[in-house]
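One chain, chain A, links the two complexes that follow: it is found with chain B in the first and with chain C in the second.
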Partner chain A sequence: MIALPIILPFMVAAIFLIFPECQRLQKSLAFITSLVIYALGLSFLSDSKTVLEVGGWEWPFGIVLVADGFSSVMVSLVGLVGIVATLYSYGEELRDRHYPLSLILLGSVNGAFLTTDLFNLYVWFEVMLMASFVLLSTNVSKDGFGGAFKYVLLNLVSSFMFLSGVGLLYGSVGALNFSHIASRLGSEDLLSVYLIAAAFMIKSALVPFYFWLPASYHRASATVSALFAALLTKVGIYSLIRVLSVFPEIPELLFAIGVFATISMLVGIIGAFGQVNLRRLLAFDVVSQVGFVLLGFSTGGLSSAVVFYLIHMIVVEMNLFLIAGVIEKRGNFIGSGIIGFSFIVSACALAGVPPFSGFFGKFLIIAEIFENSWVLSGVLALIMGLGTLVLMARIWDIYFWGEKKGEIVISSWQIISVIILTIVTLSLSIFSAQVLELCQWVIDV
Partner chain B sequence: MSFVALASRVIIPLQIFLAFFFLFRGHNLPGGGFIGGLLLGLSLVLALLGFGFQRIKEAIPFEPSTVIGIGLFTAGISSFFGPLFGKGIFTGVWGSTVPFIGKLSSVLLFDVGVFLLVAGIVMKVVYSLMEEEC
Partner chain C sequence: MLIVSLSVGVLFSSGVYLLLQKSLLRTLLGILLLGNGANLLIFVSGGLKTKAPFGKVFDQSFADPVPQALILTAIVIGLGIAAFFLVLILRASSSTGSDDVAELDRE
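Up next is the complex of A and B:
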């Protein structure tokens, strides 16, 4: 059962490749597959921990897939993201092979969430990189290709560092499974752990290596950029958190991540102020959000607030990118109450305005940051919240107020997908206590 | 007939034979689906040099992506043989021995999938390069 969220999208993608003509079949099958992934993720949540030793090879020797609380939550979110992205794509003109590629992307992200084997994780990263690179580069004009090229180049550097780290580690401890490595890790293996952590930091777009993200996201079609905003950086964050919380604690590394994360928050927000293109602005904001959540992790460890914030980030950022896609198509957005309402909800949630979901995550994380006496970073995190709010107000000012431009009909599929994510954001806000309890349970099991 | 065309007429059948030989021998000995698929793809490259792109495209009735899809699907299907016989997913199921092929198994089916996938990807690369040139 655990392997199904990985195998199923690949099989369906294969069917799409064999029968490329049936677009309608592809649309509905992609939706059903995402729905199944979502249901499987939720069903994993009912058990505290499900383990699969793939191919019957036992624990330290084979690849072990583990669906514990954290990975099950992530898998169900992948399903949700898939559902929403598929619905949204119904209203958009997309090139051939969008559906097989996005399903392969979903499958590989599931693989990265479920595996506990370091080399297997590398393989999933590569599959994810290839699928996302093709998605990014097929839907762009010639000048847009530069962004895709930056994306693939920096991520190849990351893959190189990751693979060297894994190789060095395997050479010295002779293990690939996370917990098996952790039990044998010595002080001489620090270099390889640093290399692996740096690779994850590139993947999650932390500051010294963040520039692939704002260079590429806005080039893709709206569906693809929303898919990327929801999933790509989160896989890096998840892997970093997973690996570092299994390994024995390395205070210097956590300190370095904390410093980089703080700078990311600043750079993201300052960079966003300089942008005219809406999706590029949001991409910079993603960088600052990544910085915030990793700052929370590096100071307070894996806490329920970090998991909560990760869930909230996936939902809210995806929604903002979807809305941005709708807005960009039309020039500005006056006269649609639903989209305006959804934007306000997501923007306030992202900035951390009290009744919405971002507030609870931010409050707990910032409290943790101050408790661990990272005062400067804590103050900067507060300022960043304010900066996000100002940014969102600016977007509101440019796109939702003023003269009405043009009448472009927006497909109802796109409105439905935005509404779904808005409802999820609202329920994250209303039931935040229950969700936080769930997150606590997730990290306890 | 040019020398390359003549040479490819002789070499291609041998190379295809070698590709399948590597595929079937691959489980316990050097070889396997990946290397076999590469060899099969290379025979296509050789045919391209000998006969030209147009003739090859007319002679092969399917698209590269179809081959890739069938390969991926076959490899995926092989994972379900384990659960069918009461074992875990992706666990190998072994059958009887067949001359020239060796033991029939779900592992071999997976390798066939890899074989097709790799051959399809080489085909796709070659096609894209040639189409750009034309």
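Up next is the complex of A and C:
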């Protein structure tokens, strides 16, 4: 049961590869698969902890898949992202093999969320990277190889760092399972933990390791870049949080993450102001959001606010990338009121304007930051919120108040997918108390 | 032990050196060297023992099978990545007509 969110997408992707011609079948099956992942994630939530020892190998010898609160929430979000991306892709001309590759991406992300084995995590990272490499580089235009090249190269370097860290750690503690490593970790193993943490930081696009992200996201098609924005960096963040909260606390490492995260927020916002390409601008904004959530983690540890903000980030960033895809396709002017409304909701949520979801997450995280006397970072986080708001106002000014250019036809599938995410954002805002309670429960179990 | 450890260092440093070159093909070679360096590192960190891990009785003189399994997996993944990377640089260089990394960003 617990392996199903991993196995199912891979099996369906294999079927797609056998029948590459049946696009219609692929579209509907991809939708159903995402729906099943979503439902499975929610059903895991009803139990506090579901454990599967793969192949009957007992802990700590085998690979153990664990669906506890945090990973179940993430799996159900992967399902939601899959549903929305599939619906959106109906309105877009996509290359062959989009659906099998995106399903492999979803399956491997689920694997990374569910596993508690360090080497297994490496394998899921690689599967995820391979799927995203191919999705990115088959979609780029002729002059877009620079972005794909940077993306591939930097992520490969991070994989090798991760692999070396895992090897060194296994050599000294003789364990691969997170909690098993944590029980044996000594002060002489810190180097390997640093290596692993640096690899996660590259994957979550923290400054100074973020260069691959703004270089590559806007090269892909709108669906693919929304998938990337929703999932790729979050896997890095999730793994970093997961591993570091299981391991005994390493104050130096947390301090370094806090400093990098603060710089990320600034660099992301400042970089975004210099961009003319809409999706590239949003990609820089992703960097600053990553910085914010990791700053929250490094100062206050794994709290309900961090989980809440992670959920909010996935939904809102994906929605903005989808809206950006619609805008870019139709020139500079958007006539549709629904798209405009959705943009306002997502932009305000991203900037943290009350009463939208970002406000509650930001409020709690910034309160934590100040409580732990990271005053400078807290002030910068507030400034970053203001910067995001100004950026969003600028996008509004350019793209929604611009001159009308011809008749605009937006695929209704794309509008539907944007509406779904907007409704999710709104319900995160309205039911924020309940969601925060859920997040508290998630980290308690 | 010392020789293998030193060769890990040599593999890593030459891999990084090649990655910093401007030529696309050299970055591929750099990736390959880094991958092999990481594999060898796991191998060394598992301890260099001569006895194969077969049989029913084990003691400290037997090699640990887990690093070997890890390396096997990492080699397979590395092969896939090298193949993909080769195709990527092939397409990139045929579209720009040169082997230079800096040419990729020219629009």
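The rule is simple: the second predicted complex is superposed on the first by the 442 of 445 C-alpha atoms of A that agree within 3 Å, B and C clash if a C-alpha of one lies under 4 Å from a C-alpha of the other, contacts with A are read in each partner's own complex, and residues count from 1 in each chain.
Here, a residue touches a chain if its C-beta (ideal position, glycine included) is under 8 Å from a C-beta of that chain, and two chains touch if they have at least 3 such contacts.
Predicted model, so just to flag it, every value in this text is computed and none were measured.
Three-chain overlay on chain A, with chain B and chain C fitting side by side and no clash.
Touching more residues of chain A than its counterpart among chain B and chain C is C.
In the superposed pair of complexes, A:Ala3 makes contact with chain B only, with no contact to chain C. Touch criterion met: A:Phe160 reaches chain C, while chain B stays clear of it.
With chain A used for the fit, chain A forms the apex of an angle whose arms reach the C-alpha centres of chain B and chain C; rounded to a multiple of 10, it measures 40°. In the overlay built on the shared chain, the residue A:Ala14 is in contact with chain B alone; chain C does not reach it.
Once chain A of one complex is fitted onto chain A of the other, the partner contacts of A:Pro208 are absent, as it touches neither chain B nor chain C. By the touch criterion defined above, A:Leu52 lies against chain B but remains apart from chain C after alignment on the C-alpha atoms of chain A.
Of the two partner chains placed around the shared chain by superposition, neither chain B nor chain C is touched by A:Pro355. Superposition on the common chain places the nearest Cα atoms of chain B and chain C 7 Å from each other. In the superposition on chain A, the residues of chain A contacted by chain B and by chain C do not overlap at all.
Every residue of chain B that touches chain A in the complex is listed here, in rising order: 63, 65-66, 68-73, 76-77, 79, 82, 87-92.
Across the interface of their complex, chain A is touched by residues 19, 24, 27, 31, 34-35, 37-39, 41-42, 44-47, 64, 66-67, 70, 73-74, 77, 80-81, 84-85, 88-89, 91-92, 95-96, 101, 104-107 of chain C. Within the complex formed with chain B, the residues of chain A that make contact are 3, 7, 10-11, 13-18, 20, 52-56, 97, 100. Those residues of chain A whose C-beta lies close enough to touch chain C in the complex are 119, 122-123, 126, 130, 133-134, 137, 142-143, 145-146, 148-149, 152-153, 156-157, 160, 163-164, 166-168, 170-172, 174, 176.
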